[in-house]
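Shared chain: chain A. Partners: chain B in the first complex, chain C in the second.
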Partner chain A sequence: MKKRWLALLLAAAMVGGTLTGCGSSKESKGKDDTVELSFYMMNSPVQDQDRIMEKANEIIEEKIGAHMKLVNVDSATYAEKMNLMINSGDPWDLCFTASWGGINFYENAQKGAYADLTELLPKYAPETYKRIPEGLWDGVKIDDKIYASVNYQQWGAASRSGFRLRKDIADEVGFDWASLKGMPTLDALKEMDDFIGKALELHPEMIGWETSAIKSFYANEPLSWDMEEVGDILTPGWIRYTDPDTVINQFETEEFKAYCEIMRDWYNKGYVRKDGATVQDTSPDRKAAKFIAESTTGWPDSVDFEGNADMERMSMCTKETAPAVGVSNTRTVIKAGAGPNAAVAVNAQSENIEKAVELIELLNTDDELFMLITQGEEGVDHTYADDGTYSFVDGKYNFNYNEWQLGQSYSPDFTRALYDRNEAGDKQKESQTMVYEADKTAEVSPLTGFVFDATPVKTQIANCSSIIDEMVPALSSGSVDPETTIPEFIDRLKTAGVDDIIKEKQTQLDEWKAAK
Partner chain B sequence: MREKQKITVSNVVIHIIFILLMLVCILPLLLVLGISFTDETSLLRDGYHLIPKVFSTGAYQYVFTGATSVLRAYAVTIFVTVVGTLCHILFMGMLAYCLTREEVTARNKISLFVYLPVLFNGGLVPTYILMTRFLHLKDTVWVLILVSIASATNVLIMKNFFKSIPQALIESARIDGCSEYRTFFSIVLPLSKPSLASIGLFVAIAYWNDWMTCSLYIETPKLQTLQYLLQSLMNNIGYLQANAGASQSMETAILNLPSEGARMATCILAVGPIIFLYPFLQKYFEKGLTIGAVKE
Partner chain C sequence: MSRFKKNQGQMVKRKVPFKRQFPFYVMMMPGLFFITLLFYLPMPGILIAFKNFNPIDGIFGSEWMDPLFKNFEFFFKSDTAKTITFNTLLYNVLEAVLVTVIAIALSIMLNELKGKVSTTVYKGAILLPTFLSWIVIQYILFSLLSIDKGIFNNLIGREVQWYSEPFYWRIIMPLAYVWKNVGYYSVLYVAAIAGINTDYYEAAQLDGATKWQQIRHITLPLIKPTVIVLSLLWVGKLFSGGLGDWNAFYTLPNNAGALYGATDVIDTYVYRSLRTLGDYGMTAAVGLYQSLVGLILVFGSNHVIKKIDPDSALF
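What follows is the complex of A and B.
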């Protein structure tokens, strides 16, 4: 039976043939005279992407003589994948980068993974460079060198936090929501206590306040507590805006204790979900319009500007199912992390760094190209109804609202995003104009330009992180008694070396201040 | 005719315990099935129910027509599982067989070469560099197969099984004029069916459930596997929600992700085929469990 193993050999040869075939076809691509630039970003799968990219590449080829290969990586694996590609020296040209969610902008920039764009940006991307407030460029600088191009978003750069609550229920109960304006967060929560209680009596099927294992209103929201994180948000060590020179352990403050006590009280009274310490996904509750009040980072609020569509509905709901009002209670500040909040970096190993910067400029200045990639074609992928509201066509190209990763969606003329062609659209433009104006006058974080180098206290941070991951969800959802648990939590942090981290942050901050 | 068993207290207790255990295993699966057939609005309003309050196949329609092409992912996964399992068994079988043959004088040295990676391996980054820079396998379907084509543990198990085949059988085959290949394919392999089937089942499940390889090496949506799609559906929401502060667009992005029902439907589709493998391979599986347990 020689036939059998002959067949096997043949199969093996075929496999081998295909493999080498794949290899060689890849190499020949590069020999074309147009450069191919790969752009990695996080995005869910996109239908019809080939059609849109073909059109987009016609424009890109005509303008700068290059091709863009847009690679969508799943958001949950993006950080890991990008870091792996950087560590292994895999070829890529441009990528979305940020200082949150494990994407590690600072670490990678310090390591030399990203190209130094300090001189290239003004030369090859003058418009991109000019448009962005200086404070944002400071955010992506390390040792006075720029390592990424900031994606200035249509939502502005300055942050302000606040609350959103159900308008219909507030009216029903007679709650003066506008009084929360500018109130310290603790007082505001106490003020809302009574309101949520009365609301739940009338609507027992609802939930008073959102708690979950993935987001703590304290640990993830320093701005609401008039503080800002030094380095990564979930590591110990924040500063107060009222005392920006001293690094503190955010879990050892009166605020944290008071917050946990309120949450414990709400937990006992049934204001929050009983399984808040473990629940990962609260979007079903949001979609079902179950929340009476929630925190929000959106603004301008309903006091300053009536008619901001994002403030008039609860998160993930429509205005009809869950009418809302928003009220902000913090200061308006451009945080140190606002620059690398969303940015595009170029690979330091890339052979076409200049071309890559040209592509950044093109994406940021060519509105037609940007709109094509982020919104698809009008009439095919999105349409305008008779009343002027736009909507995406089912089953067609849909960029999943990830335009903020690709480039600047900021545009004072409103030519880089879709707006309803009616009153609602005008209102949105008006409210965004307010944001752009505020960006020019907003306070700039005292930490802007400071980069914390975590290497000396890496072990301590890893140890503390696992304790924080374990304890914070339980504490901030009210599942455990803060009276006994907070001291235990702090003790465990101290054993894990939290004081070393605070001290290290303080030393580096002092040195940076002195050098300035 | 089997003797009628007496109903004793201990029997009843044991049965109850096992019925409870079975329920613990099977109820979540049935619940997922129930959710996948529930209408989306009813799901938000009434919560999860074993029997859908409002029946709907909307979730499955979404899964089959949406941007995440499940059908293609199915094809990729099945191809990878079938080809991967066959190649794995063939190559590991040949290697294990050689290691049991006395004619192979260097077999101890080769064994060392096989077992060493069990104790020491390169880790993620070197493996990645090897796969992408030297073998140029990134973004090809072969990487999904090749990454887990060799397993020292399976070689060890097969080797022990091949040892239990009487030496005389192989010698008599040779006297009758069998070539080495024919001895292996016509004598040794058929005798080792139980071991091959149980190892095959393990390997097939490993291939079927593997999403890590896909997330590392695959960039073209066309080559994504089913488990990877599922994994991403489950994780994306959490990741985006936790970082929603980065952009107001993110909230809309989350809203755009598949609903609860669609996720459950994908889940059902992903467990589907592999769950039917078990009953067919059960008899081999039981036999296979004792492979290598007794040493002579």
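What follows is the complex of A and C.
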């Protein structure tokens, strides 16, 4: 009898033992002695990735004696998963990082999660380091230390915002869209009022202007209002370019009030969706070519340069279904956030930090390798038609246009992206040359290099962000009356401690300026 | 259900030799093991609520907050703390009462049904929503309530803005919860009713008791212990949205800001305010506060029950 119980006990203990044993197996090293470097990025599943990565790894092994393991994480969960891996100390070597979408570049860098690359970059990645404008490196610095390698892109680093509207309808109504050029955003919106009204009379099934719960043309687009965010875009506290030393509450401005009033007016007139405050996804409307006008950040616009393909069609449409013209109305600025807009960080806990930096350099300088991973093989994954236009082959390797996360697509000789081998391709190169030139002459944000440490006002930020989440979508889509709602909104923000946040931002900004 | 019948006889307290209890301990082992692994080992994590948590320094290495309760400030200082606490309590009480009443009613009715096929069909139909996730229900609801393509709006021929009028959601939220959960609990009660000795009913029928009298005097008193145990378990979750399953409050309103006043519970508020901030300390503080209140409520209500009806108390 006794023995049988003993056996049972033993069995139970063994079950327990195997269960605890599961958690402790560590990620194994690559074959032989070559180092395996894991690279985490945001991407949907990619067809045929094994075939391409095998070829890519041959190059990488030959050049730096390492292997790269590219790990795709779905974009909806990337930020959460990466932060979780960082916080729980899981092994990873390189990852895509940014200061938007919850990826928290600054916070993770301050926490010590990313390796300090200040000395490693010039040593192991000299070409990468040289190629990027100094202003962008300042953007990824905290206390004068660089924590990520900036991915400088073919579309440049400077931002300029504006509008895109339907060309066919503008011609029909007789709207002089080019007059919007350089006009302050408020005036431009008023100017468009009449155009949208007439357009909707002719095309009642269309929608005048895009509103949604996830993007406010005011709260998410400081540049359009000649302002820039200090720290995270959705926390209170922006500056005006005309007065860069004073932090203001962006919701307490005349501009916000005037914008909400216009949207209220448009809502009452039926220019915008009635449920704009709650719509999460506007892509069905976009794909159905329903919008008459929308905001855009692309440039050069149709006034400066005819033939920029991105400006000649509405978002998510083709030139045939929704022909468009673009016109930009803001200044051209390299914002403080341009550096960590897309960057690659190395894990501070990684055993192969130097190798990882070497890999960054290789990805940024070896055009053959970069093109292989981001565009696949010519003739297999993408082909050129007789007229020179390239297209991806259905069902073959396709990187989902995520090359900007992996490294620099910037290249002065246009060797790091696919271009049509015809006039359209030449046009694109010509337009990109304009972008590169503009990058060199663009204003650099007065905030570049300043990093806001939110720790002292975390409580207030948490409470304010919840109120902003609740009120801003309704206000910016016109579904509530700004006359009564804005004072209520500001009152609630004040109770939640918005003034503490503004004051803290101001103090830190002053200190930073003084130290400079 | 045998353990609920114990109160019919007298419990005699006497010492049982360990040797005879040993098999039971062995049977408890796997359960104990997992409780220890999943609930007791992570307990030091409570410290995070009082620390400026930094994952690289770890739970013990991180600095203490100064003042110690600073992480708790966020919740109690917010202007919506009252609203969301009220919402949490209101919906929890409403949902617990509605689910219990409707589930008991359903299970009694199911028990009276004699046709084999019809019982199976009804049970299946009632139970089905339990297996749908809230995300699926969110989409079902959206297809019903969407302003331009919604089934309801097309039926009544008006453009009702379901997603901007908080009042509707005071009804929709409990309704959705009941619809999803009532099947699960009615299964529990069907089992409890099936455990009742049929002799009672036969005797009552001989004495000429009506169906209603049988339900009132036999069924309800005998399933009372089950009701009490389930209610006690719920009381502990009174301060967690949706009785611990706050998914509904996060998904169903489709993130519509206008509805927050009516649909926000403690958990959704905390999730939304701290998600982008990634602050573990403040999140842990609110979690600790919820569990502490839950613990006090469980002990308190158990104490009260013990006074009124000692046999039904949980411990």
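A few points about this structure:
Here is the rule we go by: the second predicted complex is superposed on the first by the 485 of 516 C-alpha atoms of A that agree within 3 Å, B and C clash if a C-alpha of one lies under 4 Å from a C-alpha of the other, contacts with A are read in each partner's own complex, and residues count from 1 in each chain.
Basically, a contact is a pair of C-beta atoms (placed from the backbone, for glycine too) under 8 Å apart; a residue touches a chain by one contact, two chains touch by 3 or more.
Note that this is a predicted model, so its numbers are computed, not measured.
After superposition onto chain A, partners chain B and chain C are found to clash with each other.
In the superposition on chain A, A:Glu403 makes contact with chain B only, while chain C stays out of contact range.
Put chain B and chain C next to each other and count what each touches on chain A; the higher total goes to B.
By the document's definition of touching, both partners, chain B and chain C, reach A:Gln280. Shared-chain residue A:Ile132: touches no atom of chain B or chain C.
Of the two partner chains, neither chain B nor chain C is touched by A:Ala219. Looking at the shared chain after the overlay, A:Val333 reaches neither chain B nor chain C. Within the superposed three-chain model, A:Gly395 lies in touch with chain B and out of touch with chain C [touch as defined at top]. In the superposed model, A:Thr459 lies in contact with chain C only, and not with chain B. Touch criterion met: A:Asn341 reaches chain B, while chain C stays clear of it. In the superposition on chain A, A:Asn87 makes contact with both chain B and chain C. Comparing 99-107, 135-143 or 243-251 from chain B against chain C in the aligned model shows that the clashing stretch is 99-107. Applying the stated touch rule to the two superposed structures, the overlap between the chain B and chain C interfaces on chain A comprises residues 5, 8, 15, 87-89, 280. Only residues 43-45, 65-69, 90, 124-125, 128-129, 132-133, 136-138, 140, 142, 181-182, 185-186, 215-216, 219, 221, 224, 228, 231-232, 235-257, 260 of chain B touch chain A when the two sit together in their complex.
Within the complex formed with chain B, the chain A residues making contact are 1, 4-5, 8, 15, 18-19, 22-23, 26, 44-47, 49, 71-77, 80-81, 84, 87-90, 98, 100-101, 153, 155, 212, 214-215, 220, 280-284, 287-288, 297-298, 310, 315-316, 341-342, 395, 398, 400-404, 409. The residues of chain C lying in touch with chain A in their complex are 22-23, 26, 29-30, 33, 52, 54-56, 70, 73-74, 77-80, 146-148, 159, 161, 163-164, 254-258, 260, 269, 272-280, 282. If you check the complex, the residues on chain A that touch chain C are 5, 8-9, 12, 15-16, 83, 86-89, 102, 104, 107, 111-113, 213, 232, 234, 274-275, 277-278, 280, 454-455, 458-459, 461-463, 465-467, 469-474, 479-480, 492, 495-497.
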